[in-house]
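Look at the two complexes coming up: chain A is in both, with chain B in one and chain C in the other.
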Partner chain A sequence: MNALAWRIRRLPAPLRSGRVLIGGGIVLAVTVIAIFAPWLAPNDPQEQDLFGNIMPPAWDPLGDPKYPFGTDNLGRCILSQLIYGARVAMVVAVVASTGAMVIGVTLAHIAGYFGGWIDGLITRLVDLWMSFPPVVLSLILMLGLGVGVSNVILAIILVDWTRFCRVVRSDVLVVRQRDYISAAQLLGFGHFRTLRREVLPSVMPLIITLMALEMGIAVVVEAILSFVGLSVEADVSAWGVMVADARQYMYQSVWGLILPIAAITVTVMGFNLLGDGLRRTLDPRLRQERHAQA
Partner chain B sequence: MSLVEARDITLSARIGDMSVEVLRNVSFTLEAGETLGLVGESGAGKSMIGRLFSQLLPPGFAVSAGELIFDGENLITMSQTKRRRLLGKRIAFVPQEPMTALNPVLSIGSQFNEHLKRLGVRGGRARRDLAIKILSEVHLPEPELLLGKYPHQLSGGMCQRALIALAFAGDPVLVVADEPTTALDVMTQARIMALIAEMQQLHGTAMILITHDLRLAAHVCDKILVMYAGDVVERSGARDLLADPRHPYTRSLKRANPTISGPRMRLPTLPDQMPGLVEFSNLSGCRFSPRCPVNADACRAGVPAMLEIGPGHDVLCVPACASGERDISEVEAPPAPGGNGTDAPLVELKNVSRRFVTRGKWFANATTVDAVNDVSFAIGQGEFIGIVGESGSGKTTVARMIAGLDQPTEGQILVRGKDARLQTAEAKAERLETLQMIFQDPQSALNPRRMVESLLTQAMEADHRNHDAEERGGRAVDLLREIGLPGDSRRRYPSQLSGGQRQRVNIGRAICIAPKVLVADEIVSGLDVSVQAQILNLLLRLREELDISLLLISHDLSVVRYICSRVFVMHKGCVVESGPTEQVFADPQHAYTRTLLSAVPPDDADSPWPPLFSESEADVVRAF
Partner chain C sequence: MLRLILAILLRRLIVVIPMLLVVSVMIFVILRLLPVDPIAMIISPTALPHEVEATRAFHGLDKPIPVQYLIWIGNVFSGDFGNAISFRVSVLNLVGETLPATIELALFALFFAVIIGFGAGLYMFHVRGTVRETVTDVFSIAMLSFPDFLWALILILLVGVQWAILPFTGRYGPEFIAPDITGFIFLDAIITADGPLLWSALGHIILPALALALAFAPLIMRVLKSSLTEVMTEDYITLARLRGISEWRILLRHALKNGVLPTLTLVGVQFGFLFGGTLLVEIIFAYPGLGNLMVRAIRNTDLPVIQMAALTYCVVVLASNTVVDVLYVVLNPKLRKE
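And now, the complex of A and B:
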């Protein structure tokens, strides 16, 4: 026990938090599953076994070891669909939140650093944007953009950049007041260099935290949109599609419904734990308090 | 029987698996109505003695031996409830930071009401009348109006007055004041200390004054304890101590602080700084011995005993030092660096004014503040110039305008004869190479995510220069030597450095591209005296080696006297007096300069201080 405690103390600061370890572990596991899906999945997720539809999981007396989690109403392997579904979820999570982050953080830096009319303009735009309910906005966007995973990503970026912009801007405003920004200007730094070398590193912990939380949100949004059939094509496995399909025969077998929901829940919880843990370890204020107690 | 008697108190702290003695064998007595000063630099343990009275000790700290007797009862073993009945009533506290000690969301009136209710004053009407009475005792104008105000509407000095009124409201027999004037400027400090003395007389109260300023303590206290790393190193009558300090640390403390009159002595510097709590356990023998200029073998062998060398004068040192036989020789300082007066000035201010306009909201009128009004002067090659004045006199605005962080509303600033407003790349680059600024607070001025090496050579990263890592590394090594930091600090972050080391890095960064003029805004005000002496001597050495000029903004007149050859006295945005430093300080012409000089505690223990200000009330009114 002591040896374990000692080992944990030797880890870099962010990894010493239990939340980061658990959350990070879940996220890492889902990522590995997504990347190696073709090798991990026991069956082709779209292959239909019409003689063995709605089969219970393998541990049930009626189950078949060929389908560890059973099959859906078309006789497709649930486990394989879950594994392939992780791909869609992770692609949307990573690409959409990176896109939202890039737009939001860039505008936040411009607004917070330069201030004045440009700040007023960007802040008003964010206010206006955030006054639309996000679900309605994304549904409208999906109707306009059309169906497809890439459009789901685009919709998430267009809806959620404001989260980054608003929060990061207030942090930039605080950093802007520090003397080291004035010092950098006196040392001959241009605006771009000051932003890149002085401001951005200071707000990076916040951005990392927001990224983790945004990825969790993106997974949920993708699941919602694929549930209503606005996301992937019919021959691609996604967790939201699985929930939508299983809903119709849930009285015959509940596993087809429970398992994708569990996958979504665990993944989102992983991102949230990671984000929360990173916030606690990277936030200098919380860190100092803990130092003072030590 | 004495009012307070501390008998061999040892305070221990658990840090990790170690137990450290934060205070060792602290003993003192305090009679009713007397004032006891606790003097030492940060980390000496003086605030811990103050905290013993309230028993509000940090977690892991506990008294392991000794007793603290207050009026016949031991405060350390006393029950919580009993102690709570004493605190605020018989023992009151005056805190260090007046602005944060008052609750910002409650009006002054409701804070008084709450306190007086706890003191047992019955009836809202009676409490209000009493509050008004004690607020007028501390010379706050219009106390009726003040009761409805909130702390942010008051100046620092007024907040401290209100807190003193709160402390004395219960007619206490003992007041513990922890650095009551550290956050305030010289003028306010003198006024507050005069007020505390007056209140003490009025109520017959004893006081424990915790301060880092030996001279201040010598003038307002009866007895003084000098603390170093948890030990009482010297205990003496106040005047005696300033006139004839015996412990090597007390001597260094006295001499590290430049004087305001008399011959200018070179400041002796102690190596390093006060050890941190964790290092305490590695110090065998006298804890001061690693930094002691005398440092005999006997000092490292064991803790010396307290020696009585005169009536009421004890020293924790070996007999040879305590008797005053061995002493560090004093050297007269060379005159403060001045220019030769012939070269063209590097920086010139011509009738510079800065007016701030606050735009009125809705129907309120716009208000204008003349922060700087018609200021003209020039800085020549190698010249050290000082600007002094109290807070709000506009001295920082002058510094910011010279550095180019702010623009004058009228007049002109010339850098090497060219208008500082020119925005061509060439003009900008020339300005940067001529002029650099050292910021006041290194905590805020150093990016916490850069390492020392990267901070020092930050200028080489700028747009128009392109230096590779190797060049930067080489320059960083040079700069570390220049500013006197060990080579292994290259790879540290600012948070891993002490305050003095951070300020060195702050200076090192400014001299990286070898500028001609440094603008330094209050760069020593947050530092302990021994570290301040190190930094001042560093600046003088840089002058010799690099022939730089310096514009030093400071509220500390003795610091300006030590390193500046010319001085400008600013008051409400105007320069009221200027000239050679020695001449201005020895024979001040303007009334304001005289007041400012009289506010500094004198070096001579027998001259009375704090002075009585005739216009002390006028100033308080002005703050509204």
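And now, the complex of A and C:
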């Protein structure tokens, strides 16, 4: 027992946090489901069984074991759609938040490090973007871009880079006042090298935390756009589309509605728990507070 | 005080107007990239090519995009916001009819969110340092994972369909004819002293407002709790304790006053998210507001309506930011002196 406790204490800080473990576990599980969707899904998610539509889950006396979670209004297997829906959700989450992160963090570094007019320009740009409610901006963008997974990703990147830019910029502003930045410059580091070797590593914990939270946001935005019918192509299974379809027949069966809602919220919760846990363990200020409390 | 508020308003106006111009250019350009032809939606499929061209010219869609923009913005400045292509009425009328409904919804949602958020935040602060704090904290993260439109569906399923205690479509019961005085149904009902209508409108707004509030409240709760925790370490709190003032009184009279400021900033910054959230919630509750108008316009590719609705969202967000700026100065004595 002692050996186990000792081992746990030797783990890196984030891995000792319950939130990171649970959140990370959920995210890992959804990722595995998304990757192995073709092997895990019992049926083809788009195959219609028009004689067996709106069937209850298999545990109901009227259910069919062929469809563990029942079928939707077109007789498509709900479980298989959920499993394939994880693919869209995870691809959008990972690619969109990476893209938003790259743009936001790059601009944040330029603004915070150089200051002056370029900082003013980028800050104004962020303010401008933030005056759009994100839902409205992404709807307009999707309208201009047309449906498709890659366009959803592009829309989320174009809407959400500001979240990174705003927060990371203020951290860069603080970091660049530190002595080791001046030391690096005295040693003859160029701007790019100073940014990459000195500034970026010190704001990295913040970026990792924001990434986890942004992935959750991306999953929600994708669901919202699917719900309005402005996201994926018609033959792709997505959770938001399932919710929108199930709303039409919710008086006959609630499972088609509840299960994709559960899939969305559990996934988002995974990302949120992971982000919150990382924030608590990686942010030196919070860590010190907790040490002081202890 | 009044002079200070006016100065803030003036300063905001100088920033906001160029911002709105840039926003309008952005909306205009994105919408002109559309791969669809708005004319195709209104003209008969058997129309001859020259008829199509005539309609296009009538709506000004044959000119280059910068020229179209200048014509539009010129009209806007002279008070003409153009006509909807598919609805064939003035865009200004459409927005004017729907905006009050959306503002009402957002205000009710904000009211609910503040009550729930403050209550939960004070509770979490009260139980700080115990296991119950961790439980509340994890619970609040779980709540944060429910976006407003999913709350809307869950509330409809539970309260509307399962228990059937509250209505969930529209703005008031079908048996009423709304008096059209201000456009704000609650105000109109009070002016005309129409009790049943007021009651019906109240019943109809609870679920959509609650859906928005439940998604927003955890944010308020978490920020309030953390700013209260920070304030409680200040010297004047220790002094108040030494003077023998009770813990509750310290919290309510001393800590809350200062702890509320970061919460207010958060509400201001996030109000845009709440206001944007009304869009989907309105669709789900068939609530006749700006969001419903915008989505209908999107389905009909009605460009003048889409761009005006989008611009209206931005105007409301910028206006609410200004209100928060003013409130911030009013509530913060440190800023008042400057």
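As a working rule, the second predicted complex is superposed on the first by the 282 of 294 C-alpha atoms of A that agree within 3 Å, B and C clash if a C-alpha of one lies under 4 Å from a C-alpha of the other, contacts with A are read in each partner's own complex, and residues count from 1 in each chain.
Criterion: contacts are C-beta pairs under 8 Å (C-beta built on N, C-alpha and C of every residue); 3 or more make two chains touch, one makes a residue touch a chain.
Keep in mind that this is a model prediction, so the values were computed, not measured.
When both complexes are superposed on chain A, chain B and chain C fit side by side without a clash. By the document's definition of touching, of the two partners only chain C reaches A:F227; chain B does not.
When both complexes are overlaid on chain A, the residue A:G190 reaches chain B alone and has no touch with chain C. In the superposition on chain A, A:Y180 makes contact with chain B only, while chain C stays out of contact range. In the superposed model, more residues of chain A are touched by C than by the other of chain B and chain C.
By the touch criterion defined above, A:N272 reaches chain C but does not reach chain B. Of the two partner chains placed by superposition, A:L28 touches none, neither chain B nor chain C. When the two complexes are overlaid on their common chain A, residue A:P201 makes contact with chain B while staying clear of chain C. Once both structures are fitted onto chain A, a short way to say it is that chain B and chain C open up an angle of 90° at chain A, using Cα centres and rounding to the nearest 10. Taking every C-alpha of chain B against every C-alpha of chain C after the fit on chain A, the minimum distance is 6 Å.
Common to the chain B-facing and chain C-facing surfaces of chain A are residues 293.
In the complex of the two chains, the chain B residues touching chain A come out as 16, 59, 403-405, 428-429, 432, 436-437, 439-441, 444-449, 458-459, 461-465, 509, 512-513.
Listing the residues of chain C that touch chain A in their complex gives 19, 22-23, 27, 30-31, 33-35, 129, 138, 141-142, 144-147, 149-150, 153-154, 156-157, 161, 269, 272-273, 275-277, 279-280, 283-284, 294-295, 298, 306, 310, 313-314, 317-318, 321. On the side of chain A, the complex with chain B involves touching residues 178-180, 182-190, 193, 197-198, 201-202, 284, 293-294.
Residue ranges of chain A in contact with chain C, taken from their complex: 19, 127-128, 130-136, 139-141, 143-146, 216, 220, 223-224, 227-228, 230, 243, 247, 250-251, 254, 257-258, 261, 264-266, 268-269, 272-273, 276, 293.
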